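Both of the next two complexes hold subunit A, though its partner changes from subunit B to subunit C.
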Partner chain A sequence: MTKILAKSAKAGFEEKNDLVVEVSPLQNGSGVVIDLQSPVKNQYGRHIEALIKDTVTAEGFFDVQVNVLDKGAWDYTIKARTIAALERGMKQ
Partner chain B sequence: MNDPKTRLRRTMMFVPGNSPKMINSADIYGADSLMFDVEDAIAITEKDTARHLVANALKTLKFHSETVVRINHPTQTPFGMDDLKVILPSKPDMIRLPKVEDVSEVQLITDEIEKVEKENGWPEGTINIIGAIESVKGLYNVREICQQPRLIAIALGAEDFIANLKTQRTKTGIELYYARSQILMAARDAEIQCMDTVFSDVKDMEGFEREVTNSRDMGFDGKSVIHPKQITAVHRIYTPNDKQLTHALKVLAAFEDSLKNHKGVLAVDGKMIDGPIVVRAQRIVDQAKAAGIDVEKKREEI
Partner chain C sequence: MKNAIGRDIPAHISGINNIRLYEGAGVYKPEKSGAGKKLRVGKPHTNKILQSIDEAIEKTGLKDGQTISFHHHLRNGDYVMKMVVERIAAKGIKNITIAASSLSPCHDFLIDYIKDGTVTALESSGLRGQLGKYLTRHPEALQKPTIIRSHGGRARAIEAGELHIDVAFMAAPTCDRQGNATGRIGKSAFGSMGYAMIDAAYADNVVLITDNLVDEPVHPYSIPQTQVDYIVPVEEIGDPAGIASGAIRITKSPTQLLIAKYAAEVMEKTGILKEGFSMQLGSGGASLAAAKFIREKMEAQNITGSFGIGGVTGIFSEMLKDGLFKACYDAQTFDTTAVQSLAENPNHIEISASFYANPWNAGPIVNDLDVVILSATEVDLDFNVNVITDSNGVCMGASGGHSDTAAGAALTIIVMPLIRGRLPMIRDHVQNVVTPGNDVDVIITERGIAINPKRTDLIEKLSNSGLPIMKIEKLQQMAYDFVGKPDEVQLSDADKDIVAVVEYRDGSILDVIRKPLV
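Our next item is the complex of A and B:
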């Protein structure tokens, strides 16, 4: 079932090995748009973006702006913060 | 695989459940169990992010230590049931139920665990429970609580308990003597493990070692720890010395010999050996093995 964000929401902290994920609703058909800032963007940027996109769609969202400020987070943290931000964005 | 009911739990280290940095490094210190905390270590506004972080860590990272998640209380707080919903599918070895006061709370969690085990086709007993007594009411019900089949260990949570008693922690530990004794008796009666509370002054290693030695001598199976540097001290204190290990190996050898040759009464070094002594000997050998002692070599030397 397609889920829709009710509002913008953030999760995570600007700390080592963590990241801040901010999600915002986009118009129908916009897709998942990711703006990534990361110290390892050159090496892992594509991997991180694919992971975020997969997580967002697996959670049932298709039109989301995702702004990410990464501080060297491992994959499980990226996934967890993305899910938490989406969950927060669902609540009115 | 270690039997969850009997595996060594000399140390159970608290790991704040919303700190990726601490979760990433938690496994390198050699604690027997890691307890990811989404309860008191987490601000009310971050309960949701912590539970997702711990669940994803458990799904993704491979931990050598046993994994435990301390959830928020399922009826005293609005967070506990949501914790279970997110955490249980990530298959921790144990759920720590804080501030347990009544068997119904253990039953509630047991029901949730059973549901998830069935949904995922996991064998019954994949996820177990450790309860923490943190109030006088909980202490009064500890015998009944310990008899719950899914509960395989019980712990004392002293900080809340002494607040409830209207006193404070002392160096002698006199304020906790009754609670420690009662919890231990209930655990032994139910044949489950018993963990001692944390020692929060990380700088006072002398006081820490004294407390660990005392709780070991009382009969506790292990200690909750809050800093990696406390782990080595606990493991050292829980490591049997050469004399104890030699005696334990002799007891086990005599016991095996008696089974093989259908002998009745056993004696080692002039002392009679019976069932409990054999169990204790096995425990000493297990502790020695866990501490990295070459038990087989020692066995050959005897």
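Our next item is the complex of A and C:
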């Protein structure tokens, strides 16, 4: 079932080993658009973008703008913050 | 051309003469005499005191294309380089090489004078701050790559005549009217003048810049009047907050403390920690924290050490005061407690950078080290250590005494976290080599300890020690299991994009720092 965001929402903190994920609804057919800022972008940029895209899709969303301010978070944190932001964005 | 650690070094590097490839520690044997000091005739009853930096520039005859030097004992509080370079630029002198014993973020102002052509070459132990970033991005801003030398390597280059200094501008916290100078006292006291001693002994012209000119004779002095041509009194040579920190405290980080504890245990279980042993602790949380655990073991087992070398901190000078070591050799004093110790404790001995670590004299003190504990920004599967560039290939560190002490010590221990942020610190190949893996024996992280396979004696001693000993490949994999394998940062292979040349302590080329393509 395709889910649709009701509003923009954020999760996470601008702290070392954490990240801030902000999700916003996009028009139907836009896809998952990721803007990633990260100190490890050269080393893990491709990996983090793929992880976020997979997480968003697995949660049932297809048209989402995801703005990420990463501070060197590990995968489990990236996944958890992404899911949290999506869930917050579902609430009216 | 590949050198002995497999690094690809161009046969010709613009502006770098007589390229000699690194062949291994102690392989190259120089067959020549060193440089001498230019002779001069000191006239009776001459006043060396000048009114201004401008007057010093005029009297020394500094001109386009010459080399000037500075020491870095004022660290990030240094005002002297800026006041000198500003006046050189104002006089329209161009094409100057700055040979500093190191550079700190307070020297970011150099970017402006590199852009206007006043400064066209750098030689230093380190490149940091905005200057490091700028030169990494714009290697073409200088006429040739920056030469990175260790502290011992710089002393060697000066004494061997490879680094010729036309004018040394030396900050002096206290000096008398004849030029006898010390760093022990004065409002800008920084302790040992170990790096400055070499410049003063070999430069064609020596100018002291002081904020504490005194009438009474200064003794003991670190720079003698026989080497000093001119003295310029100024208001302030530095910012006390940047010169020496207050007493450096032991870290509270549990990770760092665990690494430090392992380091002390490795020393104990390899038998190094015994009566009369000698050691050096590098700067960095875990290496300094090792002092706490070493001290506990020395007191419990009633062990007295022979000597320590520094980079001296209050942590070590307190051990000296409490009789845990007989002597402390000091080329650079880090905090206020240690500065006071140098002034007061006769067993706290001031030494030059050459005495400390020059591989081309009969006996630098690093050759007598039993153990050194050093930090690293990253290491690799060959045990090579990088302390000059970060994980993105940007210059942010300094060679310092890393390769000097690693070569001299019987046991070289590297302490570092397995992962910083998300980045694994054990690479397949480090971005840049400052200390060759051949001189590194043990790498300690919070999750495991790797021993250089060449040290079969250590592997035997530590295999049943209860310590988490494992192959370095396994330790690397452990980090990958947590954070994944990082993509490699792409570097430019164009010769014009060589940012810096890393000299080994004997002057051979260990590595070149290339501009990252990001």
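Quick notes on this structure:
The rule is simple: the second predicted complex is superposed on the first by the 92 of 92 C-alpha atoms of A that agree within 3 Å, B and C clash if a C-alpha of one lies under 4 Å from a C-alpha of the other, contacts with A are read in each partner's own complex, and residues count from 1 in each chain.
The working rule: contacts are C-beta pairs under 8 Å (C-beta built on N, C-alpha and C of every residue); 3 or more make two chains touch, one makes a residue touch a chain.
Just so it is clear, the model here is predicted, and its values are computed rather than measured.
When the two complexes are overlaid on subunit A, subunit B and subunit C sit side by side with no clash. Seen from the Cα centre of subunit A, subunit B and subunit C lie 80° apart once the structures are superposed, a value rounded to the nearest 10. When the two complexes are overlaid on their common chain A, residue A:75 makes contact with subunit B and with subunit C alike.
When both complexes are overlaid on chain A, the residue A:88 reaches subunit B alone and has no touch with subunit C. By the touch criterion defined above, A:11 reaches subunit B but does not reach subunit C.
When the two structures are aligned on the shared chain, A:43 is found in touch with subunit C, with no touch to subunit B. In the composite built from the two structures, the nearest CA pair linking subunit B and subunit C is 8 Å apart.
Subunit A uses residues 16-17, 73-75 to touch subunit B in one structure and subunit C in the other.
Within the complex formed with subunit B, the subunit A residues making contact are 11-12, 15-18, 73-77, 79-81, 83-84, 87-88. Within the complex, the subunit C residues that touch subunit A are 391-392, 421-423, 482-484, 486-487, 489, 516, 518. Interface of subunit A with subunit C (complex): residues 16-17, 39-40, 42-47, 71-75. Within the complex, the subunit B residues that touch subunit A are 19-21, 24, 48-49, 52-53, 55-57, 59-61.
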